[in-house]
Amino acid sequence: MSFWVGDWTLITSRERLIELARRLRDDRDTAFDFCSDVTAVDWLARAERFDVVYCLYSTRHRHRVRLKVRAADGVSVPSVTALWPAANWLEREVFDLFGVRFDGHPDLRRILMPDEWQGHPQRKDYPLEGPGELLMENPLDWLKLRNEIE
Amino acid sequence: MLDAIAFYTLAALILAFAIAVITARNPVHSVVFLVINFLAVAIVYIVLGAEFLAMIQVLVYAGGIVVLYLFVVMLVNLKRGPEAHQDPRRQTGAGVGLAVAVLAELTAILAYTGRNPLPAVVPAASARGPGGNTEQLGWLLYTTYLIPFEVASMLLLVAMIGAIVLARKVD
Amino acid sequence: MALFDTDELVLNMGPQHPSTHGVLRVVLRLDGERVVGSDVVIGYLHRGIEKLCEHRDYLQIVLLTDRMDYVSAATSNLGYCETVEKLMQIEVPPRARYIRTILAELQRIASHNLWLGTHAMDIGAMTVFLYNFRERELVLDLFEDYCGARLTYNAVRIGGLPLDIPAGWDQKVRAYCDLFESKIPEYEELLTHNRIWKERTQKIGVISAEDAIALGLSGPLLRGSGVPRDVRKDEPYAAYADFDFDVPIGTLGDTYDRYLVRVEEFRQSLRIIRQAIDGLPEGPILGKVPRLIKPPAGETYHAIESPKGEIGFFIASDGKSITPYRFRVRPPSFCNLQALPRLIKGHLVADVVALIGSIDIVVGEVDR
Amino acid sequence: MTDLFVVPLLQIVVVLNAVLVAVTYMVLLERKIIAWVQSRLGPMRVGPHGILQPIADALKLLLKEDITPIRADRWIFTLAPIISLVPALIAFAVIPFGGEATLFGHRVPLYIANVNVGLLYIVSITSIGVYGIILAGYSSNSKYPLLASLRASAQLISYEVAVTLMLVSVIVTTRTLSLVGIVEGQMRQHIWYVFIQPVAAVVLFIGGLAETNRTPFDLAEAEQELTGGFHTEYSGMRFAMFFLAEYANMIVVSAVMTTLFFGGWLSPFPNVAAAHFLWYIPGWIWFLLKTFVLLYVFIWIRATLPRYRYDQLMRLGWKVLIPVALVNLVVSAIVRVFL
Amino acid sequence: MRLIWLLPLIPAAGAAVNGLAGVRWFGRAAAGAVACLAMLSAFAVALTASIALIRLPPEARAYDVTLGPWLPPIPLATAHGIGSFAAEWAFRLDPLATVMILVVTGIGLLIHVYATAYMMDEPRGGYARFFCYLNLFCAFMLLLVLASNFLVMFIGWEGVGLCSYLLIGYWYEKGSAATAGRKAFITNRIGDWGFLLGVFGVFHVFGTLDFHAVAQAVSSLPIEQSHFGELSIICLLLFIGATGKSAQIPLFVWLPDAMEGPTPVSALIHAATMVTAGVYMVGRNAVLFQHAPLVLAIIAIVGTLTALMAATIGLVQNDIKRVLAYSTVSQLGYMFLAAGVGAFAASTFHLLTHAFFKALLFLGSGAVIHAMAGEQDMQRMGGLRRFLPVTFVTMMIGALAIAGIPPLAGFFSKDEILLQAFSKNRALWALGSVTALMTAFYMFRLVALTFYGVYRGPSWPRHVPPAVGGPATLSIATAHGVRHPVDPDAHGLAHVPQHDLSHGPAHPVPIGPAAHAHEWHGPHEAPSAMTWPLMALAVGAIVCGFISIPPALGGTNALERFLEPSFGGTPAAATVEHARQPRADAEPATADQASNGREWALMLLAVTLAGAGVAAAWRLYVTRPEIPVRLAARWPGLHSLLWHKYFVDEFYGATLVRSTFASARGLWTFDARVVDGAVNGSGWMTRTVSWFSGIFDRVVVDGLVNFVGWSADEGSLVVRRGQTGLLQNYLLLIVLGVCVFLTVYLFAR
Amino acid sequence: MHFTPITPYHYLLLSAALFSVGVIGVMVRRNIIILFMSIELMFNAVNINLVAFAALYRHEVGQAFAVFVIAVAAAEAAVGLGIILAFYRNKETLNIDEMNLMKG
C-alpha cells in the first residue's frame, strides 16, 4: 500500500486479487462500487513486466483507490467483470493493446484493433516504424522480413 | 369501332399478363403482372359500365389482396427454390391439355350460340344516366341481397381472425 | 410484423450510418424490428493517441487531447493539465482556475447543445437541431475570441493558461449567458411536453441506479438514473469548490430523464459561469512551472467531469524522460457506450437510434 | 370532337405540367418555410431568393449517375419509382380545380373528369402507390430498404382503413361520391363540411400525413433510422421520381381535403351577399389558396414534431384512428337517418 | 315510488358488471367504484321512495308494483277447493319495507365503502369477485324485503343464503372458511325446509301467496287461542325458517363460524341485514302469527333462551369477532322475544338500531383486526386506544349503544322490548334483563381487553434498518419518490402475514387482510375509507334511537306508529292488536299514566343493570385483570361449558351428524352386500354367457367382417393409387369432369 | 361471332380464355403462391363473366355477385396466405408437390 500525491495504491498478487477486490467492493467502510478504469503499464525491464491497474471509486464515501497487480508476459490475470460489469470493455482493451489475458472474462476479443491484427501495440517493444502498408497490416511479418534481411 | 379497339387491346393485355403471371420465374414478378392484369380487368369493368366494381377491383384486389401476396412473398425468403422438386405422378401435360380442351369447347359453345346476333354492349351506366350504377348496386346489395351481404361480411371477419390465428407465432 | 414468424435479420448499423455519430458500428440481430441481440464494434477511428502521447513531451500532449473528444476539447485539455499539475504538485493561480472553470462550463454547454440537437434530430425533430447549432455557434465565437480556434482550442497549459482573457470578453460571456438562458425554453417548448417526444423517450432504455453504477456509467447517464454523482461536486477541481450549483438527477433512468438532466445542466452551467465571471480574481494566469516539464517518477490518476461523464487521466512517469512513460485516458464515452447492448435489448430499431443519441458518444473519444 | 378529345388532352397537358412544376416548387417552398421556422434563410444562391433552385435541383438529379445496385431486381427496380409516381399524378384527374370557365368560346370545366365515383377513384388510385414503395424496398436487395418497405406498406394499409372509413362518413354527409358534387353540395348546404364532419377532417388529415409518409409518420424514409428508407439505393432520376411522387401525393391530399371539407373552389361565404366581392377572384385561385394553406400545415408539422416509432404509429392507427372513424361513421349514419 | 323495482336491479347490475367484466378486467378502484356507485344509487332510490311514502297519509302508505307474471296461473288443490296458483313479480313498499330498504341500502353503502379499503390487499380478481358477491347480496336482500308474496321473498331468502355462503367462503382456499360456508348453507337449508313447508301450507290453506291477501284471509279466521290448528302449524314452520336465517336455537350454530368471512361481510350480512330476515319475515306476517298465540309464545321463549344462552357464551369468548357474533345471536333473540310478545314494532325498532350499532362494532373490530395484521384474539391486543383513536371512540359509542346506556340507540329499543315483555310475561322480562346485564358486561369486556390495559400483541421493528446503500441509495430513494421505509405513515396497508394465530397454523398461501407484502410496523389507524363509515355509523348509533322515543319520555313512539299499518293489515287485526296491547290508544288515561310510571321504573332498572355490567367489566378487566382468571379457575366446569359454547356443536356432531353418518354407513353396507351382490351375480351370469358368445363372435362374425375388410382393402388398391395427396391431381380430375360435361353439353344439344 | 360489334359473347370468350390460363397456371406451377395467384385469375374470369351478363341484361345483379366474389377472394387470400405462412414455418418449402399430407 502506498500513498503519493494524494492517491492511495494497493498492490496485490494475482491469486488474491479477486478476494481483495470483493472485500473492497462489499465492505461497508470501503464500498468501492464503481470501477472507473482498468489499464496496464508495461515496464519492459521488469520480470513481471505488466502492471494491471484498477482505478476504483466509491459512490458512497467518495474516495478512490488504485489496485495494482503484476503479471509477466503470457501470464493471465483473473477478470473482475463478475464484480464490476464495467470492467468488461476495459479489460478487453488491456488485452487488445497489451496482450494481458484475463481469466473468466466473458468475451475476450480485440476491441480497438481489427480482429486479425497481430501483436499488441501499447507494448513498449512494439515496432514503431516500417514500410508503409506491410507494417499497417502485418507488423510481425514485417519484423520477420527485416530480420531476414539483416 | 372504338369499342372494338378498346376491347381487343384490353383482351390482349389481360391475356398477355395472365400468361406472364403463370410463367414468371420470380414470384415477385408474378405479383407485379397480376396487379397490371387486375388493372386491365378494372378497365374492362369500366367499359362494361360497372365503375363501382372497377374501383372496388382496384381498391380491394389490386390495392389490398395482392399487397398481401407481395408481403408473403417477401416474408418467405426461400432457402431452396420451390420449383426444385417435382412429383412424377403429377400429369402436368394432361392438365394443360385438358385446360386447352376446356377452352376449345367453351369457344365452340360460344361460337355456336353466338351465331344468334345479340345487341352490342351498351354499358348499363349510359342507359341509366349520369348517376351511374353505384346507387342501383347499393340498393340491390342492401335490399335484395342484404343477407348474403351480411354473410359476406361475417365471412371476411372470420377469415381475418383465421388468418391472424394461422399466421401467429406460436409461443 | 412481429406477428409473423420471420427469421432473425442481422442488420449492420454503421459504421456509415447517419445516426451512429461517427464511425460506430452496431450489429443488430432483429426479430421483425425488435432487437434481440447486438454487438458494438468500435475501433474504426483508433489513432493510438495513448501510444502517440508516450512519444510526445508533456506540452505537446495538450494538442493531442484536443483530438479526442473534439466537441469538448477544452475539458480534455483541462483534465490532462490538472493531472500533470497533480503529478508535479504545481499550484495554479486562482485567476487561471476561474477562467478554466468558465471555459469548461462553456464547453459543457456547447457539447450539450450538439448532443441535444443531434439527439432530437435522431428522433426526427429537426428544428431543435438547428436551434441548438445556432446557440453553439455563439459559444464557439467566445472560444474563438479567447484562443482563436473554434474546435481544437489547446486552451489550457500546465500550471495555468497560455492567455489571459481578451478585453471585454467577460462582458460578452455575460451577454451570452443572458441570451442563452432565454433560448433554453425554446428547446423545451418543442420537446419537454411534446407527446411524441415523450412517447419516444419515456421508458426507453431504462437503467436502474445500481446497474448504472455497476456498468460504470458516468455523467448525465448516471445522474439520469438517480445517482447524484458529479466529479465537480464530489471531488472539486479547478474552482468548482467556490461556486454554488445543483446536481440534477433523474428518477427512472430512461431516455427522457437523461434529456431532462442535460437540459437542467444547461442552467446550472450558466449559474456557474455567472458566478465565475462575477468573482473573477485578478492575478497571474500561470503558476510556477519549471522550464523543463519532467515530473518525478510516480504515477497518478485524476478525473474531471466532462460533458460526457468522468474523464480520467492516468499518467505514469519514470522520472527520467520528458515524455510520459504511460499515458492513459479513461474515456467517458467508451465506458458509457458499453451499456448500449444492454439498453437497446428488446427495443425497436428506432429506439436504438434514440439510445445511441441518449448516451452521447463522440467516437473520437471512444476509439482515441 | 373538340370537346371529346382536344379539351381533355389540353387539360391533361396543363394539369400535368402544372403539377410537375408545383411539385418542384413545393420542394423549394418546404425548404424555405422550414428555414424560416428555424430562423435561417434557406436556399439563396440560385436566382433571387433561390427561386431557381428547383430547376437546378432537377438538372442535378437528371444529370446524376443513375445507379442500379448489382444484385437488384433490375426491372422492378426501374418500375418501382414509376409505379410510385403515376398514381400520384393520375389522381389529379378527378380533382376539381374550379367550376367551369369560358375559354375561347368553349365552356371548359376546370377538371379533367367528373367521375361519379370520384372519391373511390382517389382512394383506389392511392392504394396502388403502395406498390412503388414495397417494390422499391424489395428490389433494392438491401436490408434498410426492405425494412422500410415493410414498414411503409403496413403503415399505408393500416391508415388506408381509417381514411377510407372516414371518407365513408363524409359520403354519408355528402350523399355523393363525385368530387364536383361534393363541392356543389357545400354550396347548396351553405356550409363547409369541415364544420359538419370535424372529426373526419382531423382524422383524414392525420391519415393523409401517414399516407404521404410525412413527419411525424415518415418512418419509411427515416434518414436517421433507416438511412433514407426505401429509396436508400436510388439515385438520379429514379430517386427524383420518388421525390416527385411524395410531393404530388401531398398536393393530392391537400386538394382532396380542400374539396371535401373546405368548399373546394368556392369563395368564402358564397351565399352571403356582402361577400360577393370575393367572386371577382376566380374559383381556381381560391382552390389553390386553400390547398396552399393545407400544404403549409404539412410543412409546419414537419418542422415541429419528432417522429413516431413504428409500433406507436401502428397503435395510433389501429387503436385510435380506426375506432374513432368507426364511431364517427356510426354517429354520422344515425344523424343522417334520424335527423 | 314507481321505481322501487329498480332497487334490487341496481345492485344486481353492479354485481353483473363486476362479476362478468370486473373479475377479468377491472382494477381495484374500478371494481370498488362500480359496487359503491350501485349502492349509492340504490340508496338514493330508496331514500326518494321512502320520502314519497312518508308524504302519503298513514292509511295509504302501501304501494304495490307488479312487474309482470312469473308463473302463469295453475289450478291447484287447496284446503278450500281448487285454487289458482299464480306468482307474480310483485313488490310492495310499505312502512316496514321502507325501514328495511333504508337499512339495507344505507348501511350497505357504508359497508361497501369500508370494504373498498379493507379488502385492498386482495388480488385484483378476488377484489372484484368480493364486490360482485356483496352487490348480489344487497340485490337479493332488497328483493326479500320488497317482496309482496312468499315466492318472491323466497327467491330473496335463498339468494341471501347463497351470497352468505359465497362470502363466508370467500377465502375458499382456507379450509376453515370453506367449512364454515358449508355449515352456514346446510344449517340454513334446514331452516329453509321449514320455511318452504310453511309456504306450501300457506298456499294450501289460503290459495294465495300474496302477503296482503293472506293477511286479509287470515283476519277473518278465528284466533287459535288454545288449540294447535293449521295456522299454528304454518306459523311454526315459518318460524323454523326464521330460526335458520336468524340464528336462533336450535339453528344458531352457523353464525359464529360465519365469522370466517371478511369482516365487512360479517358486518353487513351476519349482523345488520340478512340475519334479521327471519325477524322481518315474522313481522311481515304479523297478522298470521297473531292468530297463532301458541307459536308466538314459543317464539318468545326461544328468543329469550337464545338471547340468554348466547350472552353467556359471549362472556368468555376471546376472539373479538366471535364475541360480536354471539352478541348478534343474543340481540336477535331479543328481537324474537319482542316478536313473540306481539311487539312487532319494537322488534323492528331494535332491528334498526341493532343494524347501526352492530355494523359499527363489526366494522370497528375489522379496523382493529386490520391494525393488528389479522390478529383476532383479544388476549393479544390491549392498549390499542393510543394507536386507533377513531376506532376506539366509535367502538365505544357502539358498545354504549348496545349496552343500553341512554340516550344511545340501544337504550330505547331494548327498553321498549323489555317493557313489552314485562307487560306480557314477567319471567321473560327477568331473563331479558339478565341478558341486558350480561350484554353490557361482555361488550365492555371486549372494549377493555382491546383498547385498555397494556399492549400484549406481537412486537414490531422500531429501529432504523441498517442503511445498505449509504447516502447514494438514500438519495436515490428520495429521488424515486419512494417514501422512507422507516416512516410509519408511508407504507399504507403494510402488514406481516400473521393471520390465523387464533386458528392454528396458517394456510401456506397467506390470505385475507393479513396477506401483505411488506413488513408490519405495529398497529395503526385504518385508512379514511374505513374510518368514515365508522364515524357515520357511530352517528347513526347515537341518533337513531330518537326516532321512536317512548311516550314516557315525552316522545310519540313515531316509528311504531309509522309501522303500525304493516302489522295491522286489516281492521280486524288492528282490533286484535288493540286488545292485546294494554298501552294502545283505547286504554283510559289513568292506565296510561300508570304505565308511564312503570316505564320509568323499568328504564331505571335497565340502565342500572347496564351500568352494573359496565362497572363489572371495568373492574374485572381494567382495574383487577387477575380476577377473571381466578373465577375461571374456581368454576372450571362452568367456564368450560361456556367456553365450549354449551357443547352444542359437539352435541350436534354426536347426534345429528353421527347418526346421519351411521345411517349412511348402514345404507352403504346394504348397498355393498345386497345390491352389489345382486349386481355382481348378474354380472357373473352375463360373463359366462358372453364367453360363449365371444367364441361365436370371433369365429363367425369377425371372420365375416374381416372378409369384408379384406375384400375392400384389396379392391381399393386400384382406387388408392389415385390418392396421391397432390392437389393438382385432384384438380386434374375436376377439370376432366368439366371437360366431359362441356363435351356432353356441346354434342347433346 | 364477328369481330365487330363487340357483344357480350366477346367478353364471355375473354373470360373463358382467362379462366383457362388460370387453370393452366394451377396445373403447371409448383410454387403455391403462384398457384394462389392463378386462382385469383380464375376469380377474375368469373367476374368478367358476371359483369358481362350484367351488361347484357341491363341489371346490376351480376355486379352484385361480382362484389361477393371479390369478398370471397379476399377471405380466401387471407386464410390461404395464413396457411402458407404456417406451412412454410413447419416445412420451409412452398412446393405444392411436397405438400402431400393428404396422401392415401
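In order of appearance the chains are A, B, C, D, E and F, and numbering begins at 1 in each one.
What we mean here is this: a residue touches a chain if its C-beta (ideal position, glycine included) is under 8 Å from a C-beta of that chain, and two chains touch if they have at least 3 such contacts.
Everything numeric in this text was worked out from a predicted model, so none of it was measured.
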- Note on the structure: Per the touch definition, the chains contacting both chain A and chain D are C
- Task: By the contact definition above, name the pair with the higher C-beta contact count: A-C or B-D.
- Result: A-C
- Task: Quick one: point me to the chain whose Cα centre is farthest from that of chain C.
- Result: E
- Item | Chain nearest the overall Cα centroid | D
- Message: Rounded to a whole Å, what is the gap between the Cα centroids of chain B and chain D?
- Response: 29
- Query: Measuring from the mean C-alpha position of chain C to the mean C-alpha position of chain D, what distance in angstrom results?
  - Reply: 44
- Item | Euclidean distance of C-alpha centroids - chain B vs chain E, Å | 69
- Per-residue multi-chain contacts in chain A, two or more chains: 59
- Query: Of all the residues in chain C, which ones touch at least 2 other chains?
  - Reply: 4-5, 213, 227, 229
- Residues of chain D that touch at least two other chains are 150
- Where on chain D is chain B touching in the complex? 73, 76, 79, 115-117, 120-121, 123-125, 127-128, 130-131, 134-135, 138-139, 146, 149-150, 153, 157, 160, 164, 177
- Once bound in the complex, which stretches of chain C touch chain A? 42-43, 46, 48, 50-51, 55, 86-87, 89, 213-217, 227, 229, 234-235, 298-301, 303, 310, 312, 314, 316, 325-326, 328, 330, 334-335, 337-338, 367-368
- Contacting residues of chain D [partner chain C, same complex]: 34, 37-40, 143-144, 147, 150-151, 154, 215-216, 218-219, 222-227, 302-312
- Query: What residues of chain C sit close enough to touch chain D in their complex?
  - Reply: 1, 9, 11-12, 17-19, 33, 120-127, 130-131, 134, 190-191, 194, 196-197, 199-200, 348-353
- Note on the structure: Residue set of chain A touching chain C in the complex reads 4-7, 33-37, 39, 41-42, 53, 55, 59, 62, 64, 66, 84-90, 93, 97, 110-114, 121-122, 128
